[in-house]
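Just below sit the structures, each encoded as structure tokens.
Consider the two complexes below, in which chain A is the common component and chain B and chain C are the respective partners.
Now for the complex of A and B:
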């Protein structure tokens, strides 16, 4: 399109681990011995699998409580959303927004963007390739911030352990939430952004 | 199709490079290919040219960063990895938060917070948290120290390939930045109901996070070239 050659035109492939320029027919990087593939194997199918697993785990992650609090005799269970609302009602708008972004906005953006990447690549769409490339790098960058809530629950549960007065315990929801983060991270790792640009060329498998 | 060599990448910092005239065709040999840079996001091939300090090269096709010039020398990286090692010990030995309530006192270390998740059904998530805030950073620091200490003397460390591969695979799972933000959120969260004090571990943690960002990035791949690790 704009005259910059693709690696395949020179019969070379990039090693993703050490950046070595490998011959196209290599199965192992000659320099660091990592497996080398022209494109990540079964990238679209595997990304779909991780994405769907993430979506499934996202349901119990939101419905089940993530934290169980006893405070001077009274006890309550918090889901992710009820925790956010509690912060907002208590006046800590900044923290409420922060947790809302990390636990709700970021995972949802990841689901949407990964879904968009998969659908457009399967249709070999040439629409907004540069922007889609940027978008993918953006979700790769923000994805792991969703672990925030898991770590907050861990810290708070470890701290508030005053028997008889007040205790906080983690609950099953946090497991599913952590798994959502892991699944979306794996989905982003198995997606091969080079597939976006393959739509430009006719002869790619 | 193989009539032209790759476009030379330009080195205008923080701006997109523009393609310059293509040089005459050159025989396609592996030694030639050593001078090439392939964009990992779109597979474009460029000819590598030296960058000045602080400059970065961008891909013309997809706008990803192709390469950044390393600002730090191997000696500086080694010094920072030793500092990171000390800070890591501090961050793990000292509590990151301490609280008090009606005369009772409690404090938490990083390990303590991971243990709090290790309860029955949800133990799996304790493993993920342990990897993200303790194991991955610890391994990163240890492996970096090992390869840099040898690189400093111009040697290729024993097990160099395995160390470098492990560093690449650990990078996405190391989440000290998120942990630091988590500590701050936990402090604010608890400040409403009891007395909260940031612990000494928190300050070590904050400095450690900056050091890890400096030393554990993709930049470390330059050791392959600088040490002249030859492909088999």
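Now for the complex of A and C:
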């Protein structure tokens, strides 16, 4: 299409680990012995699987309480959304927005973007390829921060342990939230962004 | 794009199948996720317990999704919603009970709000100060179940399943009793008041008490219950009497019970047995009084100090009490006699009453009493108002046989029965006092005062004489004495010539004494000198300076 040839035209492929140019039919990199594929194997299917698992875990993560707070004898269990609402009603808009972004907006964006990637790649759409790959890099970037909630709960539960006065304990919801994050990260890892560009040429697989 | 997917040839089919099998391994992840989610849903679904709605007067302290329902401090449910009833008189709290709390849907289950309460019995629910109120529940025993309950406003005093018996007490008014007021047996708390309500006809109060096992066995069929509320201070003809059960009962009231001292065939009372609640211990433990009889007495004297409920004595036995003190007007004499009405209980006479009943013969009860009384009055039975307590002036009515009393005619038909009276002992005392005062009045105080006055004038004259004559002479004598003493003082002073001469004389005597001692000394050593005279070498010791006498050290001669 443009002047630069594709790797497959030369029957070569790139090692993911050491970037060595390997022959196309090699299963292992001659230099570093790591497995060599032209594309990540089964990328779309695996991403779909992880994405769906993440979606399923996202339901209990939101419905189950994530934190159990006892303060001066009054105990309460908070789900993610009830915590956000409590902060918002208490006037702490900044904290409410922070928690809302970290635990609701970010996972939802990840689901949407990954779903969009998968659908467009499966349909071999050539629509907005550059923007889509930029989106994917953005997803990988914010992926680092999606464990924020889990960290906060773990930290607070470990620190606030004043028997009788106030205690904070983690609840099952935070486990599911952690699984959501793990699943979406796995989904993002198994997705091969080069598949976006494969629509340019026909029959890559 | 589509020209790649060329008509599939039959040989490619198995290849597609093989691929599908390989792919499905990754799908285990979402399947496992779905299974976990599903299992939780199923678990939740199985754990959903019954829902009930409890109505309270106020939702104070209750909070939807926060307030818990507890039984023996174990959480058995949570309030999911609080809303007003349709007529806005109640709040309805919807409660989700746990799966295990099914017994709490029984029709006689009780729900109440546990709030901090401060009462005479102590402070309860302190933990709720910090944690907020919670709903207490107590499962019933009924076979039926229901969904709508009416919550209690105060915690039930006795929880379900506690062993013991309930009894009903009838009383005229509630006094200071309340739910939770203690029930004492020999000053040990054995139960409490669990409920009270007005009697059906409104003429009294039914108090329900609960006596816990094993102390319920002490409630016998003839046990007497009395109101032990507060401090019972009685200031009567018999003096000041204070009685109470315990500090708590002073504050909050209480009930005490006990069997009478002599109760030969008492059995353990059954649950829900009914008793009368007496005003105080004395009336409760008194033997049954039987039918009261009304009598009337007419006193020609002041009845100050005679009050309603004052005792009526018969030969020292309290047989009744005064119920009314009124004035009458006697037009013939123009005086105001006092009319005293009293009830007497003949049964209090015990064995005497039985014999009198036999003696009285036939006729109805009133007649018999009247006849017996007539005989007594014939023999001199008279009523008299006496002072029971000199300090307080309380009076009581005493009935005694006075053989010297003037005869009176007794009207056996008169109703109420009238008992003749004689003047009270206090009147006699008053008369004696009057006589004493009269005697005091007869003393010739004026003459006494006159005599005393003359003596005083005489005394005054004497004193004047002493002042004018004796005192100036006394003064001269004193001055003379002073002078004499001054002269003596001068004579004896240190630097007077007499004193100096005396000193010199004393020295002279001293010297003489010394020379005599030296001489005797010399002589004792040289007795021959008396005959031969002093030899040359035998000088007196004092001149040699080594005499055996220590006192005679050589002294400078004056």
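In this text, the second predicted complex is superposed on the first by the 200 of 205 C-alpha atoms of A that agree within 3 Å, B and C clash if a C-alpha of one lies under 4 Å from a C-alpha of the other, contacts with A are read in each partner's own complex, and residues count from 1 in each chain.
Criterion: contacts are C-beta pairs under 8 Å (C-beta built on N, C-alpha and C of every residue); 3 or more make two chains touch, one makes a residue touch a chain.
What you are looking at is a predicted structure, and each value in this text was computed from that prediction instead of being measured.
Chemist: Just from the overlay, do chain B and chain C fit on chain A, or is there a clash?
Modeler: Chain B and chain C fit side by side in the superposed model.
Chemist: With both complexes overlaid on chain A, does A:53 touch chain B (first), chain C (second), both or neither?
Modeler: The second partner, chain C, only.
Chemist: Scan A:126 for contacts with chain B and chain C and give back first, second, both or neither.
Modeler: Touch partners of A:126: none, neither chain B nor chain C.
Chemist: Using the superposition described at the top, determine whether chain B or chain C touches more residues of chain A.
Modeler: If we count touched residues of chain A for both partners, the winner is B.
Chemist: A:162 contacts which: chain B (first), chain C (second), both, neither?
Modeler: First partner only, chain B.
Chemist: Mind checking the angle chain B, chain A, chain C on Cα centres after superposing, to the nearest 10 degrees?
Modeler: Seen from the centre of chain A, the opening angle is 100 degrees.
Chemist: What is the contact status of A:19 with respect to chain B (first) and chain C (second): first, second, both, or neither?
Modeler: After superposition on chain A, A:19 lies in contact with chain B alone.
Chemist: By how many Å are the closest C-alpha atoms of chain B and chain C apart after the superposition?
Modeler: Minimum over all C-alpha pairs of chain B and chain C: 12 Å.
Chemist: Give me the intersection of chain A's contacts with chain B and its contacts with chain C, in residue numbers.
Modeler: 179
Chemist: Where on chain B does chain A make contact in their complex?
Modeler: Touching chain A: residues 1-2, 4, 6-7, 19, 28, 30, 33-34, 36-38, 40-46, 60-64, 96-97, 99, 101-102, 104, 106-108, 112-117, 119, 121-122, 124-126, 128-129, 132-133, 161, 164-165, 168, 172, 175, 177-179, 181-183, 185-186, 188-190, 192-194, 221, 224, 229-232 of chain B.
Chemist: Under the definition above, what is the set of chain C residues touching chain A in their complex?
Modeler: Going by the criterion above, the answer is residues 1, 4, 23, 26-27, 29-30, 32-34, 36-37, 40, 66, 127, 130-132.
Chemist: Taking the complex as given, what residues does chain A use to touch chain B?
Modeler: Against chain B, the touching part of chain A is residues 2-14, 16-21, 23, 29-34, 71, 87, 90, 92, 95, 98-99, 129-130, 133-134, 136-137, 144-145, 147-148, 150-162, 165-166, 169-172, 174-175, 178-179, 182, 185, 189, 193-194, 196-197.
Chemist: Please output the residues of chain A touching chain C within their complex, sorted ascending.
Modeler: These residues of chain A touch chain C: 42, 45-46, 49-50, 52-54, 56-57, 59-60, 72-76, 124, 179, 183, 202-203.
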